[in-house]
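The following pair of complexes shares a single chain, subunit A, combined with subunit B in the former and subunit C in the latter.
Moving on to the complex of A and B:
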């Protein structure tokens, strides 16, 4: 499967420009992480790709054909977990998944059994959804997205509400699934992207700030991340963004990203989180 | 679609709200039969087509309320949150909507069946009356046009704004207490009460069940209007689904 979004601009009825002239190409197999602050345009991009929105300008192609002409084919191959969604509380887990399977045209009960096992919900299959915890509901959401022979898996904040152990399990599952399909993962958890994604898109203010391998994003941050020890009441140096503050015996050890590090800061190896913050910061400075 | 229908029926019919409303419908039907219909309508026997028509048109507002309640569940805020997921599936949205209309229609048929059984029990136990084929025309004239109109109006209203359901429910409830006469009486209660008085008495000692052309035209108009609203809703399904997303 190949998806191309060419020069996409999306303007909401309120007049807000959610995306501005974005071009992205995705081809299976790939696991793409989308990072960006709230309101950056991540969810809008995902909705455009599932044909839930029509762009104001530009075109989206699915295997070279306009997406809107291939909506049925797209949806037959799509697994979608939105950021915010509802479930039928009155139905038990199994029945809800059977209902979703029917909507997806899947009659094979094994498919339901498989996703229940993958999402660790086998024991709760007869439990009413209304009686599940937040994390378990999220897993039901993931289970319905995984149902069937999906070629395109779009997951918007999939690990929200999951405990650390579950989060690790799921991100490994997404990584396995990406071996033969496109998995698009939008998240605020940079660690998830660093662990499994072979490509990262950084979006801010409706524009793509970075598109490439996580290592490349990190590489462009070398020399822009540093640490120094400050005391209570000290001001953050101009142009620096504090990533973390750790209380030590010598004082507060600050980790900062900056275009030009202060002379007293010692440059350190950047992480993807540093690189992401630097990328956003740099973009905002440039405007 | 049969599995989808199975779950739509499970969600709509096998729940405490529907069972409760069905019980209210049944109790109101029995009350109507034993307090009003037992005395007959417009000087006709309690088992005349006119009296039976009056029975159906009296219970119809409560049935409408139940139907509107069922429909409102498909347009609730909670349902819209689930639609974020269901709209990403390859199911044909028109067939999906028609499946849901079928689920509501099955609910309507279930209510009607219960109310007809109650009335059959009433006529047999009180009057030893068994000629139920005489009730076929009042059933067709009273129930079908009103149901199709409410279904069409409800779906159209739901697509505009969920709050409109509450307005329609209030109107439906108000029609239980308002006495409207004339051919365009929506449920027909006033018509069944007044029109027979203007008719000559036949050999049976009371006016035969024969409605006016104007009444028939009015019923046909309600039926066609209902079908028209249903068609408009169906045609707008795909377009509206995408517009909804724009508002998110």
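Moving on to the complex of A and C:
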């Protein structure tokens, strides 16, 4: 499967410009992480790709054909977990998945059984959804997205509400699934992207700030991440963004990203989180 | 296949939903309202009380409940953001279809449970009257399809507005229309509360079910059309109504399907075969003009009619043959026939004639025009077939038309073309083919001759007078013959009423009315050497009478009516009233300007009052008769349109007709009796008035029934002037 979004601009009826002239191509197999602050346009981009929105400008192609003409094919190949969603609380987990399976045209009960196992919900299969915890509901959401032989898996903040152990498990699961399909993962948790994605998109203010491998994003940040020790009451140097502050015996150890590190800061190896913040910071400085 | 599996899982989901189950449970209780609180149909008939009204209550209230459910369920998917998952993997149009089909399936199953739950109680209460086919038809023709219509409409309104309060408001408006005065009197406008004036215990409900089924199909088409149209308005791509609509109509088959359904509904409305398209008021001028004039150059020597009732389809097939000499060959001739019938062909001798059926429905007739070639003694054959239509001006009462296996009534259907431009000889032959178990009564006389067709039907043959419409009725009748006041009377009624007629001793009750009238007002004005027929008919609670016959609507003899001590006088009043008509003539209306009509109704009502005064006392008769007359006349006098008739013309036709009919009824049934009561006081009391009335009877006994005496005759007999009888 191949998806191309060419020069996409999305303006909501309220006049808000959510995406500006974005071009992005995706081809299976790949696991793409989308990073960006709130309101950056991540969810809008995902909705455009699942044909939940129509762009104001530009076109999206699915295997070379306009997406809106291929809606039926897209829906048949899609597994989608939105950021915010509801479930039929009155249904037991099994029946809800059966419901979603029917929507996807899946009549095979084994498919339901498989996703229940994958999402660790087998024990809760007869439990009413209304009686599940927040994390379990999130897993039901993931389970329905995984149902069937999806070629395109789009997951908007999938690990929200999951405990660390579950998060790791699902990260690995997404990674496994990406071996033969496109998996698009939007998240605020940089660690998730760092550990499994072979490609990262950084979006801010409706524009793509970076599109490439995580290592490349990190590489372009080398020399822009440093640490120094400051005291209480010291001001953050101009042009620096504090990534973390750790209290030590010598004072507060600050980790900063900056286009030009202050002379008293010691350059260190950047992480993906540093790189992401630097990327966003750089983009905002450029405007 | 996918739609079916969507339907299946959605239906299963509903059986887990608390709100769906609650609505289903509540709807099972809704027929209970029909036993006491919601009484749209006659409660006097047993099957009306224990079947029609519970079903109609369940129909209307259940329809509202399921509409609310449809709106809540549709709204819930958006409010709870379930659509965020569903819309990504399924077409919202297909999902909307699956959802409405599942809802229809769910309410159908609820209706089925409802049918089963109320069965034992209905069987117990209706006893020997219970008919399983009628019971099933009540639920499956009236209730469940109405729930479908309501649910589809509500879902459509939500899909268009996507707002729960707005769609609820629009739906409430649609419901209100059905209960508004303008819509209430038409079978075809009432989508949520089918117009069912009465059920029948002893005759047939086929007409009721046919028209209700027809209106359900009509409204299903319209509601379906609106629903399909609403699919174009389903919000998608996060667009508003207009944006979504422009995307929606790109699937052109959707608006086309919507238009086809709505147009089908409109065509069903326009082409409905049940009620003619004539004016809302009976046109006496038309009746007189067409009956009395014969301007044709053709002369008819002989005429015969053959009609066949087809109970399965509810239609009639007819052949009329006239032996005619046509001396002109240029001018047009015509005949009038019920508008429900389609003319299959006209031949004159061996020549096929061209003809035109005009669009001029009036009083339940429609004119067909043709030109006879010049010829001597050739047979004009008219072949026709169709569903006999009811007169629009009588349509809410429902009586007069029925073709079923249990009952045939063509009393209002003008089923033989005897109103012709060329005039007919005095008598003609009528052959009527009916199911074997039915006994026909033609022009209020039994038919003697019949042949068995060996196919479950019999053909009856009788001579009829062609000067009037031919009244035909057939049923499994029972007859009780008796003699009273020197008159041989046949009490004829549906055999299902055998038990009631004997247990309530109806013949004796009738005899008491005859005895009262004969002793107080003289010998009956009734052609000698004939038997009088007292006939029970299918209808909603009134009666009719003419020379030598009285017709009573069915409810007068139901157990509910006869066993209710509070209503005893009223029931007696109706059948006494119709018998008393035999003394004072039929509805021979003679208008003296304005709306003040004089007819024998005044004397009949007055005599009924006197009879009730004798039976139940002065207080009762004052409260139930004189006070009622006075209050209605007072109300009429206060009425704006009565005082300012010049504004009446500005009202819609339906309102005009209602007010005119109400005025005429008040004049006939209240104003005139009050004037006669005033005359009674002026001439010196009841005995003096009885004497005057006896004299009138004796002086007019030779005039025959068809000539009611005039208001002036009455004033002269009393020695009073018109001014003296004017009410204050």
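Here, the second predicted complex is superposed on the first by the 287 of 287 C-alpha atoms of A that agree within 3 Å, B and C clash if a C-alpha of one lies under 4 Å from a C-alpha of the other, contacts with A are read in each partner's own complex, and residues count from 1 in each chain.
As a working rule, a residue touches a chain if its C-beta (ideal position, glycine included) is under 8 Å from a C-beta of that chain, and two chains touch if they have at least 3 such contacts.
Predicted model only: the values in this text are computed from it and were never measured.
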Following the superposition defined at the top, how do subunit B and subunit C come out on subunit A, clash or fit?
clash
Figure out whether A:250 sits in contact with subunit B (first) or subunit C (second), or with both, or with neither.
neither
Which partner does A:126 contact after superposing on A: first (subunit B), second (subunit C), both, neither?
neither
Pick one for A:110: touches subunit B only (first), subunit C only (second), both, or neither.
neither
Could you tell me which stretches of subunit A are touched by subunit B in one complex and by subunit C in the other?
12-13, 47, 50-54, 72, 75, 78, 80, 82, 84-88, 90-91, 95, 98-100, 102-105, 107, 141, 144
Tell me, which parts of subunit A touch subunit B in their complex?
12-13, 47, 50-54, 72, 75-76, 78, 80, 82, 84-88, 90-91, 95, 98-100, 102-105, 107, 141, 144
In the complex formed with subunit A, which residues of subunit B make contact?
1, 3-4, 7, 10-11, 15, 78-82, 84-91, 96, 242, 245-248
Subunit A-facing residues of subunit C, complex
2, 5-6, 8-10, 12-13, 16-18, 80-82, 84-91, 95, 237-240, 243, 247
Note which residues of subunit A are touching subunit C in the complex, please.
12-13, 47, 50-54, 71-72, 75, 78, 80, 82, 84-88, 90-92, 95, 98-100, 102-105, 107, 141, 144
